[in-house]
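Labels run A, B and C following the written order; every chain starts at residue 1.
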Amino acid sequence: MPSIERRAIAPYLFFLPALLLFLAFSVYPFYLLTHTSLFEWDGISPAKTFIGLSNYWNVLAHDRVFWTSFSQAGTITLLALVLQNALALLLAIAVNRRLAGGTLYRTVFFLPPILSEIVVGLIWFWIYDGNFGILNEALSHLGLARFARAWLADPNTALTAVAIIHMWKGFGWGFVIFLAGLQTIPEQLYEAARVDGASAWLRFRHITLPLLVPVCVVVSILTILGTMQIFALIIATTGGGPGYHTEVPITRIFHSMLGTSRFGYACAQGIVFGLILLVFSLAQMRFQRRVS
Amino acid sequence: MTGGTVIALQRLRQQAAQWAWHVVCLPVAASCLFPLAWMVSSSLKTQQTVFTDFSLIPAVPHVENYARAWIQGRFGIYFLNSLGYTVLVVAGVVACSALAAYAFSRFTFRGSGFFYKLLLSTMLIPIPGAFVALYILLNQLGLIDQGSGQWLPRLGYILPQINGGLPFAIFILKPFFDGIPKELEESAEVDGCGVLGVFWHIMLPLARPALGVVALLTSLAAWNEFLLAYLVFSRHELMPLQRGLLAFHGAHLTEYPLLMAGMVISIVPIVAIYLVMQRTIIQGITAGAVKG
Amino acid sequence: MTRIKSVRHLTQRGTCLTLLALAGSAVLLGIAGCGKPKAAQQPGPLRVWHWMTDREAAFDELARRYQQETGTRVRFELYAPSDIYVQKVRAAAQTGGLPEIYGVLGELRDLASFINAGHVLPLEEAMSRNGNAWRSVFFPKALAVNTFTRENAYGVAPGVYGVPVDVMNVQLFYNKRLLATLGLDQPPDTWEAFLDVGRRAAAQRLIGFVSGWAELWLIDCFATDYAIHEMGMKQVEATYRGKVPYTDPDWVRVLGRFAELRDSGVLAEGIVAMGNKRAEQLFANGQAVFAFNGTWGVNVYQSMNPALEYGVVMPPRTDPNRPMVTWGGAGSSFFVNAKSPRREEAIAFLTWLTAEPQQRYLTEATQNIPANRSAAADLPAPLAAFADDMDDTVHPRLFSVQEESTVIEAFDKGIQSILIGERTPEEVAARVQETKRLEASRRATRAARQEGGHAID
């Protein structure tokens, strides 16, 4: 009998620490946030004006810049999902093959994620700079000087240029998780396939990829969340400019909260943003369930 | 063809493949190493030469920058603080998330699915608005540094970080637990192991690679954290390492060589943690094939 | 089996204990939160919050001297970047946790909010003591930025609220050597001559003009200078009041100045993606002829290239018959927490901090113009050039009316899109006016709602 009792209580005990922290440090602040989103408030004065859902209405119906910033973050996310994760997977496979110098690669690939945005901004500025930039120098050496430009200041290239920095800085995360995932695939499977004469591509297609689906979903959801919430890098490179060309949701939320002191409005923007991300992530998880 | 030539051909093919992988990996590795090399190089220059002397190894290396950064940036105090905070946050996140992720994976009860989604959705709510809400909460709990006592503010710094790391950690761990066959536990329970015993003796060792990933990501986040530190702390004695860098990176004046020296100092422990965790991730896998 | 069992019990007990400890600490926290913090027996240090982390060493030294002289401990607590600082101050204000002395970042309406919420001690009385003894040490412009006039729009009681520690303005730095290689011995004083220098610089593959125009406020400085220069203060204020549209030819002409800058080639490539620190690097390294930068640039250039030979002038006039103005006023200011019981101690410290010896020390250590006039008597050359023009400064805070911040953003971002050749001045003017109209209608509904609310009361 005691064992049944234990079984009934144990799950709750397992949850308890996480639940307590979650209630205190997530649910309660979220409640305050939601509450504030119904008010017009500058973040300072003791008086708040209740305005119902007006903030939400203004976000949804009138804030064109916010939605532009949304689609720009979406563009960076799409690029990151495809290119950054492909690179991460490719490098993880390479390192997983007991490549000579694999330990060194493993260490080096994780350097960009731990670098400060200040350093990243400085270094990439020299590459993209329109005056003495390395990229422009390289182009003119190749006889392509007509393509030279200030890459971060040109409305046609600014967003892509920022996306490239972001992907370079971020692929290390995917790399680490993919590597952990690859490690869990038993070597025997590959050996059996090799004995059957399966080519490298077939082995990848029929062993690696299917077994890696859960890891891929984890990585892609983390990529979506990490990229949609991109902020520090934007501040370190373009500050959202030129014009609105590299604005992203978080820069807009900060702008509402601190730039124009519309605290309630910033909360509403944050909640709308979070809800949309939530819908996307749930859809992705459902999709994964269907695949596997 | 003799057996010898076949083997020689095979070896040649393998070597060619190795080289092909190096061709992919090397440029990426170089791009990752360059910023670090630049940081170290800049940290050995002076404020006057940092942007004019382009040599990678300066003629007169100013090694004393490290000593100046260490003293001026008060790294003596900050370093120990950061170490303590990181260890506690990682321990907290790993313990709470492993318990919760295992429970999510094995016990289903009314509302567990809802709770899981709720937990994950906290990953999606952008921080800006929550910052002030968190301050209000911590203040109500008496966990804001008011100039006396040190343990409550330290706790106020650690607990929200543990909570902040939980969703990601659970999100990464749950699929790993899902992948571990249930038969292992059933046979252990037949052997007389209780729920916690199974968790401790069987599940945790099997989940080592994933726990390594979680510990790695958490320690990186904890080591680089500074926003919450400014919110909670007001005294130098309690501040983490990142605060030290600010003395060199002001609103107007940036002392680049000292900033870079400080950053190199702050990166070393993270690289060390990474190397240790990598070994955990790899060892965990060689200990036994996890997925069948 | 027994061995495993005992281990099992152990781990179970361990986990239970951990959980108990967690629950216990949660309860304790609750208790700790309920109890009022006990009043300390010995008063702690006076706490000062600010965002200028690059002045940490100088501030700490001053705190040390103050303790030596008076026995009162002062602790400077510096937080950066500034957006974090803003949040910390606002959060602390919500919970009554502000220190004795702090800085307020933001626009005039934000300061007004702090005052109206009772967080800022009026200093009119302290300034007037002993025949205006304290008031008279400052540059009048420095105090003006922290002063509310009788007819202010925020319902703030008139008077001084903040103590400036330094003053600044934003002007044009020029590199003497580069100017000479372009065949000039004097900086250009007309707009045409200025653009012409740009053309010559471009021909010699030199960078003409740098400024951190990825940061909107620096664009705003430049644009405001020329708006006031060309159309006068009255017209600018009338626009803010909504009486004159941004589509007015005067405004289109001011916006057109940026198209002229763009077409002349005087601007650095990609200036709209240039942070001010990057612009400062280029000028300090002698790679750019002009830099539009604030007084703090003196300190930055000094630290990066002490041999740099440069001069400072007002931006060139477009109309020789009208005076040129430039942005300026108090650099950073301190405010006294009205809710602190130690207000008088705070005032005493700030009086000491703004007295001549301390101001001289700060000037020496941070290369800024002191707010104290007698400390500014014999400044080194570049700082003196800035100090001399303090009388020609303007500051949005001194306008009788403030523009909506959403409109300011549309205006500055619009200028960026002119600079990258994406929009014409006319298009930008129309967009800014549209933002202004939306903001006005929003304001009207807000006012109507508030009146409705009063009716219910």
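Criterion: a residue touches a chain if its C-beta (ideal position, glycine included) is under 8 Å from a C-beta of that chain, and two chains touch if they have at least 3 such contacts.
Keep in mind the model is a prediction, meaning the values are calculated, not measured.
Of all chain pairs in this entry, the one linked by the most C-beta contacts is A-B. The chain with its CA mean position farthest from that of chain B is C. With each centre defined as the average position of its C-alpha atoms, the distance from chain B to chain C rounds to 35 Å. Chain A and chain B, compared by their mean Cα positions, are separated by 16 Å. Mean C-alpha position of chain A lies 32 Å from that of chain C. Residue positions of chain B touching 2 or more other chains, listed in rising order: 95, 132, 136, 141, 194, 196, 249. Contacts with at least two other chains are made by residues 17, 24, 43, 254, 257 of chain A. Residues of chain C in contact with at least two other chains: 15, 18, 87, 90. Per the touch definition, chain A reaches chain C in the complex via residues 13, 16-17, 20, 24, 40, 42-46, 49, 51, 58, 62, 121, 125, 128-132, 149-155, 158, 237-239, 241-244, 254-255, 257-261. Here chain C touches chain A in the complex through residues 15-16, 18-19, 22-23, 26, 83, 86-87, 90, 93, 106-107, 109-110, 113-114, 116-117, 207, 214-216, 268-275, 278, 282, 287, 405-406, 409, 413-414, 416-417, 419-420, 422, 438, 442, 446, 449-450, 453, going by the rule given at the top.
Across the interface of their complex, chain C is touched by residues 47-48, 51-52, 72, 95, 131-132, 135-136, 139-144, 146-148, 152, 155, 191-194, 196-197, 200-201, 227, 230-231, 234-235, 246-247, 249-255 of chain B. Chain contact summary for the complex, chain B toward chain A: residues 18, 21-22, 24-25, 28-29, 31-36, 38-39, 95-97, 99-100, 102-103, 106-107, 109, 112, 115, 117, 119-126, 128-130, 132-134, 136-137, 141, 159-160, 162-164, 166, 168, 170-172, 175, 178-179, 194-196, 199, 209-210, 212-213, 216-217, 220, 224, 245, 249, 259-260, 263, 267, 270-271, 274-275, 278, 281-282, 284-285, 289-292. Of all residues in chain A, only 3, 6-7, 10-11, 14-15, 17-19, 21-22, 24-26, 28-30, 32-33, 36, 43, 87, 90-91, 94-95, 97, 99-101, 104-116, 118-120, 123, 168, 172-173, 176-177, 179-180, 183-186, 188, 211, 214-215, 217-218, 221-222, 225, 229, 249-250, 253-254, 257, 263, 266-267, 270-271, 273-274, 277-278, 281-282 touch chain B in the complex they form.
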